[in-house]
Each structure stands twice: as structure tokens, then as C-alpha cells.
Amino acid sequence: MRIHILTTGGTIEKVYVEQHGAVANLEDKIERYLGRLRLPDTEIDTTRLMNKDSLEMTDEDRALILEAVRARLDAPIVITHGTDTMVETGLYLKRSLGELKFPIILTGAMTPLGFESSDGLQNLTESFLAARIAAPGIYVVMHNHVFPVDRVKKDRERAQFVSLD
Amino acid sequence: MRIHILTTGGTIEKVYVEQHGAVANLEDKIERYLGRLRLPDTEIDTTRLMNKDSLEMTDEDRALILEAVRARLDAPIVITHGTDTMVETGLYLKRSLGELKFPIILTGAMTPLGFESSDGLQNLTESFLAARIAAPGIYVVMHNHVFPVDRVKKDRERAQFVSLD
Amino acid sequence: MRIHILTTGGTIEKVYVEQHGAVANLEDKIERYLGRLRLPDTEIDTTRLMNKDSLEMTDEDRALILEAVRARLDAPIVITHGTDTMVETGLYLKRSLGELKFPIILTGAMTPLGFESSDGLQNLTESFLAARIAAPGIYVVMHNHVFPVDRVKKDRERAQFVSLD
Amino acid sequence: MRIHILTTGGTIEKVYVEQHGAVANLEDKIERYLGRLRLPDTEIDTTRLMNKDSLEMTDEDRALILEAVRARLDAPIVITHGTDTMVETGLYLKRSLGELKFPIILTGAMTPLGFESSDGLQNLTESFLAARIAAPGIYVVMHNHVFPVDRVKKDRERAQFVSLD
């Protein structure tokens, strides 16, 4: 089975920059951490689209994501993305795409991959399982939840996503 | 949402014993590692049934597991178990139980939780997601796969489960 | 043998704050990470003096550190401290204290404890060994170096300390 | 500064073998874990001599270690070694070598590198610091202790080394 990954940056890929004492989107981290998962009989095909804080994503960036998704509708897709505008991107994809044959999963993290208490590897793990077994549709997958993208919002204070239902 | 966990031992819970230079089932490890996962809005209820290498499980042990499962059919169940007889226990549950309302997930690990390259936390993470979204039935969940228990076997040489299909 | 620890904050103790996407001195981390070291026959006695970025340390803060050091000259002392003004604090201690019977070690980290590629636990480990075997004096200990405090400066660009010799 | 490393196996380098559910000396691990330490201005030169449980070391193996040490007396040496016969090897080196110009450090671990609660990286970190600052001589370095090799023995029950003094 094949799963496409599109990486766009966000907290999940941030690194700590010692010279500035702050985190930033400077390196691609997804593939390095995927190497920690066992995914036998799964062909992973990773495309790095950009490496941005999602608050800085432009309309052009979202058009680029849409184009990349359209070219990969033959298999499930996992998109790693900043959490602040993850739902916005997901809704844009939903408006732009017709009926799907496979699930499209948006995921990210509240704390960068590799930092203590990071949720990044958990969310990647869950996203790959959801990519394999969820019904066609567009979802936000984090923290043991699979939210349809039109029924979810980020709760910044609690650092999690919550259902609109 | 509620998820029951039943722990029975197996490689996933083994610890390294310095005095003997070998691994053994001496401590309960599942709850400690579950503390590393973010499971908001999920009520986890853990029951430690035994802590055994699954090659040493007896008919009485399996009867005990069945009894514990029967008492918890009101919600999904995750059973942590040694991989050598995981399928045998799953098939016994399938023969003994009638129609299910929720999934029952068997999982474990090829390398103990906390050892380098361990697949334990990945398998637990996947099992909790499968417990939430899989159809009712009995499954082995490991390495990004959700196998119906009557269509899977362990491939010891490759250290993974493979489909009988 | 007894070793005193005085904690003052700095990068080594910073945590990632999910609501702000930035690191800050909010929690005491030293004792938690010391629990990962094996220190048999060593009595560790930890005192939390403050939890500050060292660029924000005041003269009063340094007077407090000096007072705490003066009260513990009966055994080696390890002081965890931000790297930006670590040398300044060390030189102040050197000017203020007379002859010593035990070493006083200043240490910290370029990346917080528990973040990927952190040097924090390495530096703590080295500091405890230097506390045990170095000659009386005041030192900066990091990255496999033991620098006398009057012969060292931070090289911010290379994220390390370098000898003035 | 230069530090020589000689690796010989022992628990510190053992890996978990999934097909057998046991640990064994099959891979060289020291260099991989040294990559986690920051050692600026230190030239590390690693030589893999063998990869054996130290209970299986022969007289020929010890002669090989002695020969390798003799060829590297121009700088400090760190020898990674199984704990069971570490003292025996150290005493043999002491009997065979004359006056030294640099320290020779024997180290190892009670739990393999990368396993939860491993003391391996702590012991390597301490050994490199001792290699830099200890007086010429032959030592066992572990758990924040620097033991002269003729005044130490392993306490198997407590999984540590203890002084003969």
C-alpha cells in the first residue's frame, strides 16, 4: 500500500536555534522521525512543499498544497501542517476537491518532534493508521481523535483540537 | 469515551535485569508508557491480569482473559500480550464471544517498551486509534496494520505479523 | 560524599510553552533529570535559588547566589546557570570568596534538557564528575571541558565556551 | 586534544535480538552514541578491537588489548569493556605497562546503551572527562566514581563497582 506525505512546516517541524534561544522552521524533520516507525508493506512517498509557521501561509501556499494533493488522489495523503491554520487549509481543500477515493489527513503537533512531551510522533503514528483505515474524507488527526475537518476547531488555551458537535 | 486495557505481559512489558543480563516480565510497564500519550476526552481504565511471556500462558490464563473481556464488552478493549501466542488467544476469544458492539484489539511489541528501536509505543498508539474507529471485531494491531484475528500469523524471522490473505 | 547543587534557571531549565510557541523558565527541571543519573554513595542536596534567564539576573540575584555558596563551602558545589552571564557570576564569586577547599562548578546548556540534541545531561554529568575530582577552584564545565572561570568566554556564534589562553 | 577509544564489547554494546528475545554483542554501538556528545576541540580516534561478553575474553584477547594500548600511549585512552572482567583486564594492563604519561580509563555499563535507565552514556561522558583531567594511571570510571584499578571490585548484586578501601 502507498501513502503520500506532504510536509509544510508548523510546530511539528520546528527546531531549537541555540544562537537565538527560540524555535524556528529551518529543517525538514518529518522523514527523520518517520524512520522511527515500523511501516512494513507500506510505501511512503514524501514531498516537501514548504517549511512555514502556518500563520504565515499565503493563498499561494494553499494553492500549491491543493495542486500537490490533486496530483496524488490515487492513494491516502497525510499533510503535516501548523495547527493554527490547519482547519482553514483543510476546509479549502474540501471546497476545492470533489468526491474522494481515499482519506486526506491533516496533522501536526503542539510541541516540536523530539522535544520532551512532544505529541509529534504520536500524531504521525495515528495519522498513518487513519490513512490506512478511515473512510474517504478530509480529517484532522491528533491526540487519539479523528475529526472531520468541517466539525473541528483548535482550542489554543487547552492546546488541543475540539469537536464542534 | 472509554477504553478498557487488559495487560498480560509479553515482550512489550519486559525489563532488562542487570544481575542476569537478560530480559524478564517483572514490572508492569504499560501504564507508565501510556502517560506519554495525549488522550484527551478518553477515559482509560487499566486492569493488570498477569505478566507472562505468552509461551507460558495456560488454558487457565486464557479463561481469565476471556472472563475479563466478557465483563467489559460495553466499550472498546485493548489487550497487551506476547506476540508468540497472541493469535491463539485472539482466536479463542473469537470462538467464545458472540456478536460484538466494539472492537477488541490485541497488541504487543517485538522489542520491549523503552529499548532503542522499540515498536511498543507505536503499537499502543495505533491500538488506541483502532479501538476508537475500527468496526466491531477482534484484531491484531501492529506496525501500521489492523489484521482481523482469523487472517493473520506471526512471521518470526521478519519479526512482524503478516496477512493470511 | 556530599555535593551541593544550586539552581538558578537559564536555558538548561527552559520548557516549551505550547500556548506561546516559545521557551521560558517556568519549571524546575534539574532534579527531574538528575534522577536519570546513577550517583551511588553521593549525597545530593539541591537548593532552588531562582529560575531566570541569566540576562535578567540582577546584582541582588548574584548576592543571593554568593550567600548560598558561602553557606555551603563544606563540600563541592554545582551551580546551574544561564550561559550568557555564567562567567560574570563566576568571576563575582571568585572576587568575593577567599581560598576554597572544594571546587565550585558552573554549568548550563545551549539547548534545554529533554530537547533533541540537548547538551544538558552531558554537562550535568561532567559537572558532577568534576565536582568530585577537580582541584579547589571555580570552573565552567561544559562539552568535555573544565575551564578555570578567569580564562573562559562564551562564543555565541559557535554555541560553546572557548579558552582565553 | 586527542583521546583514543578502544571498544571490546560487553553489556554497554549489547543489542536486543527480536528473533531470540535476548541481548547479544552483534553491533558496534559506541560510535553511534558518542555522536550524541558534544566534544569540541577533541579529536576522537576509535578502534574496534572485538565485540565480546567479557566473560568470554581469552588471554589472546587481553594480549591484543595490551598491544593496542601500547601503540597509543601518546594520549589518554578510554577502553569500553564488559564489567565482569573489567578489573582483571585493568590489572593485567597495570602489570604489563610501565610509567604512564596519560590516564587509561576502563568503562562499560550495567544496562546496554539505548535501553531505558541505561547508564552507558553517563559512563562514557564521565570517562571522557576523566580522560581529560585525571592524573596518569589506570582507572575504572562509572557512576560518578573514578576508581584506581587496583582498589575496586564489581558488586554484582548491587550492579555497581565498589572501592576496596
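Going by the order they are written in, the chains are A, B, C and D; count residues from 1 in each one.
What we mean here is this: a contact is a pair of C-beta atoms (placed from the backbone, for glycine too) under 8 Å apart; a residue touches a chain by one contact, two chains touch by 3 or more.
What you see is a predicted model; the values in this text were computed from it and never measured.
Asks: Applying the touch definition from the top, give me the chains sitting in contact with each of subunit A and subunit D.
Replies: Touching subunit A and subunit D alike, sorted by label: B, C.
Asks: Of the other chains, whose C-alpha centre is the longest way from the centre of subunit A?
Replies: D
Asks: Measuring from the mean C-alpha position of subunit A to the mean C-alpha position of subunit C, what distance in angstrom results?
Replies: 39
Asks: Distance from the CA centroid of subunit B to that of subunit C, rounded to the nearest Å?
Replies: 44
Asks: Need the CA-centroid distance for the pair subunit A / subunit B, whole Å please.
Replies: The separation of the two C-alpha centroids amounts to 28 Å.
Asks: Give me the residues of subunit A that touch two or more other chains.
Replies: Subunit A, residues with two or more chain partners: 117.
Asks: On the basis of the stated criterion, which chains touch which? Give every pair.
Replies: Every touching chain pair, ordered by label, is A-B, A-C, B-D, C-D.
Asks: Contact residues on subunit D for subunit B in the complex?
Replies: Result: residues 11, 14, 16, 18-19, 21-23, 110-117, 156-157, 159 of subunit D touch subunit B.
Asks: Hey, which residues of subunit B end up touching subunit A in the complex?
Replies: By the definition above, subunit B touches subunit A via 36-42, 117, 119, 121-122, 125-126, 128-130, 132-134, 142-146, 158, 160.
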